[in-house]
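Contents: one structure, followed by commentary.
Residue numbering begins at 1 within each chain, and the chains themselves are lettered A, B and C in the order written.
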Amino acid sequence: MASAAAEFSGVSKAFTARGDAPAIENFDLRIEEGEFVCLLGPSGCGKTTALTLLAGFDRPSSGSVLHRGRPVAGPAADRGVVFQGDDSLMPWLTATENLLLGPRIRRVPLGEQRAIAERLLALVGLVGHGDKYPRELSGGMKQRIQIARVLANEPDMLLMDEPFAALDAQTRTHMQDELVRIWSEARPAVLFITHDVHEALILADRVVVMRAGPRSAVRTAFNVEAPRPRDRSDPRIAAAYGEIQRVMAEEFRRARQ
Amino acid sequence: MPARADATSPWRSVLAPSWSLGRGADPLPTFVWPVASAVLLAAAWSLAAGRFDVTVFPSPLAVAREAMRMAADGTIWEHAGISAARLAAGFAIGGAVAVPVGLAMGLSPFFRRMMEPFTEFFRFIPAIAMVVFALIWFGIGEASKLFLIAYNAFFSIAMATEMGVARVERSRINAVLSLGGSRRDTALLVVLPSVVPYILQGMRIGMGRAFATIVSAEILAANAGLGYLIYSAREFSRMDTVVVAIVALGLLGLAADRAFVAIARRLYRHTLPEEFGP
Amino acid sequence: MIRARFVEMVLPYLLSVAIMLGLWQLAATQVNPLFFPRLETVWRSFWSLASGDLGAQILVSLARILAGFGIASLAAVPIGLLMGTVPAVHRLLGGPVDFFRFIPPIAMIVLAVAWFGASDVAIVFLIGFSTIFIVTINTEAGVLHVVRNRIRAAQMMGAGFWQVFWLVVLPSAIPHALIGMRIAMGAAFSTIVSAEMIAGDYGLGYLLQEARTTLRTGNIFVGIVLLGMLGIMTDRVFRFLIDRFGGEHAGSR
């Protein structure tokens, strides 16, 4: 079998400093090349922990995390991370400078950098806003800059940690459609974390539901067959929604016990 | 309701509580308030001065006359220049040591703990208390004054630098790492730009204290500078000269502070920490 | 586990203090004991001072600080509240207060002596001068930084001007006033040392100055360490008060 885009096997992560039970335990998940996976679960279930391990910001206590068959040794440009809030943008850089951070780090020639900036600003729909500073952009625009910043490195894997959670409903819907469009062009593998069932169903090839933490792991997974772009009122989506919602409600009750 | 009628009055904007809703424009042209407060100050001063001898409490007029004289014959520029030069040189020395130390303290917990017994203790000792050692170690020449200012600047700037490093947004470091950056990249692209405003803020705080230190040092042992000017005028009871020197100190301090703010705003207009105020 | 904690937390402290004291002692024995008093000299100085009037010297300095600081704070808080509340007062007094803040208090010493004689009053005045502007400005900032919606919430429940003032504005301004007082206390320490060195007849600053002119560096060392300890103690008091009176809300808008 060819190696997957990413593979967690038997991963546990304990934050020993707190002496608590491990956040995730025996966590297994395989993400295929070009696959869009949404990780869903009640808050505190270790979704972000899993993403952090794949990003390489932290190491598992036990088990292995592989990216394209190789153990994750640390953060690298081949796995782009879109952070939850906007505080990871550099407020002292303009939108363009922010999205060119990756090329700048890789010492891409300036002429090429300009071409990259133009292409990506157009891709995320921010032509004409490149000279603005993050503080002058709306929440949706800032998240687009984050996405563009990651795409500038042409990663084969996108890691997104509730990137749209802070946006208003209209903007969020729009951003979801945009993300699907951008993803279908470049086709990276995606691990997308959310607690919004609808969001997961609009975006994902596969929705993975986690158990309530601590000692969390994958509870179940659903394949979403509906073709993209998806209609939010598609009956297949509605049916899947009911089913996932039922599992989520169960986990939510368990989390409260 | 009376409040409603009130809301239409332009005076509401200067007399109503600052937190009341819908503040209108100031009914007076902008120059009126500064002029009014200057007149108020001058009136109170004249009133107080009128009751005393000029050798105790000089009037604004006497001070203005003295200021003109000192500006014309160059005395004030000479002494202000000497004090300013001492401050600038001492600050440069102190800052040059403080920034690397502060960075190292912020980046290495071990080094921070090694330094903490000193930084946490010595920063509570007024720099001027060190004047006694400074005079013994370096004599009454320029070196002792430079040492005091540098010593003073060191603590303000090192502490601010360390705080700046501690407050660097973790997700920005992570972002650069996940974009393929090395540790060196995170230092250049994230830590340094994040810390510079804090360094400037530390210099700003340190500058205020340095003024107090230089004045004391110049009173205790110097033959030039604004502190010396103040103390030597005492012998002839020239209180008008004293007040001119005091005002010059205030203006110099104000100018230095505004310069720091202007530089910080210029460099970091989008990321100033809130300590810089509105 | 315990060993790791030791290496991480305690060792660096011990190491650096030991290095520092060792270097000092080396300087004392190799360079010049007049420049760097030996540790045993410092110890003897401490005991000879302590068996003398060291306690009284400390108390005199502290009493001067408390008097000047207390009077100035009592004046500064109401002025700051007024400046924060009434825009007209802010516009009249804001400029002068902002300017006076930049005058080093010790620069006023010649005027203070001319006005009050070389007395306790002059020194108390200088301490007050060090305190009043800092506390005024911080108190005013506290009023101006009151969370807007908390005021609106009180008004929505029917509070009038004075109720808003007592229930919302004052509690929000107090931590800011305390933060200002904490900063002012540092300035007051600096001023007392200078003032007592220049014009004092008693007190810690005087002790330092006298030790310098008689070249008793052991006494200087003792005086400086005492100043540091007193500074830390008063700072802890204000830190406690700030925590106690809701300092954690002070920064929030």
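We take it that contacts are C-beta pairs under 8 Å (C-beta built on N, C-alpha and C of every residue); 3 or more make two chains touch, one makes a residue touch a chain.
From a predicted model like this one, the values you see are computed outputs, not experimental measurements.
Determine the shortest chain-contact distance, in steps, between chain A and chain C.
Step count on the best path from chain A to chain C: 2.
When the mean CA coordinate of each chain is compared with the mean CA coordinate of the whole protein, which chain is closest?
Taking the mean of C-alpha atoms per chain, the most central one is B.
Would you mind checking which pair of chains has the most C-beta pairs in contact?
Ranked by C-beta contact count, first place goes to B-C.
In terms of CA centroid distance, which chain is the most far removed from chain C?
Most distant chain from chain C: A.
Using mean CA coordinates as chain centres, what's the chain A-chain C distance in Å?
51
Using the average of all C-alpha atoms in each chain as its centre, how far is it in Å between chain A and chain B?
A distance of 47 Å separates the two centres.
Whole-Å distance, chain B centre to chain C centre, using C-alpha means?
Roughly 17 Å separates the two chain centres.
Do you know which chain C residues sit against two or more other chains?
Not one residue in chain C touches at least two other chains.
Can you tell me which positions in chain A touch chain B when the two form their complex?
Within the complex, chain A touches chain B at residues 55-57, 74-77, 79-81, 83, 85, 87-92, 101-102, 104-106, 133-135, 149-150, 153, 159.
Which stretch or stretches of chain B touch chain A in the complex?
Within the complex, chain B contacts chain A at residues 169, 171-172, 174-182, 185, 189-190, 193, 268, 270-271.
Report the residues of chain B in contact with chain C in the complex, numbered from low to high.
13-19, 23, 33-34, 36-38, 40-41, 55-57, 109-111, 113-118, 120-122, 124-133, 135-137, 208-209, 211-216, 219-220, 226-227, 230-231, 233-234, 237, 239, 242-243, 245-247, 249-251, 253-254, 257, 274
Help me check something: in the complex, which residues belonging to chain C touch chain B?
Residue list for chain C touching chain B: 8-9, 12-13, 15-17, 20, 34-35, 84-88, 90-96, 98-100, 102-111, 113-115, 143-144, 146, 148, 151, 161, 164-165, 169, 186-187, 189-191, 193-194, 197-198, 205, 208-209, 211-212, 215, 217, 220, 223-224, 227-228, 231-232, 235, 251.
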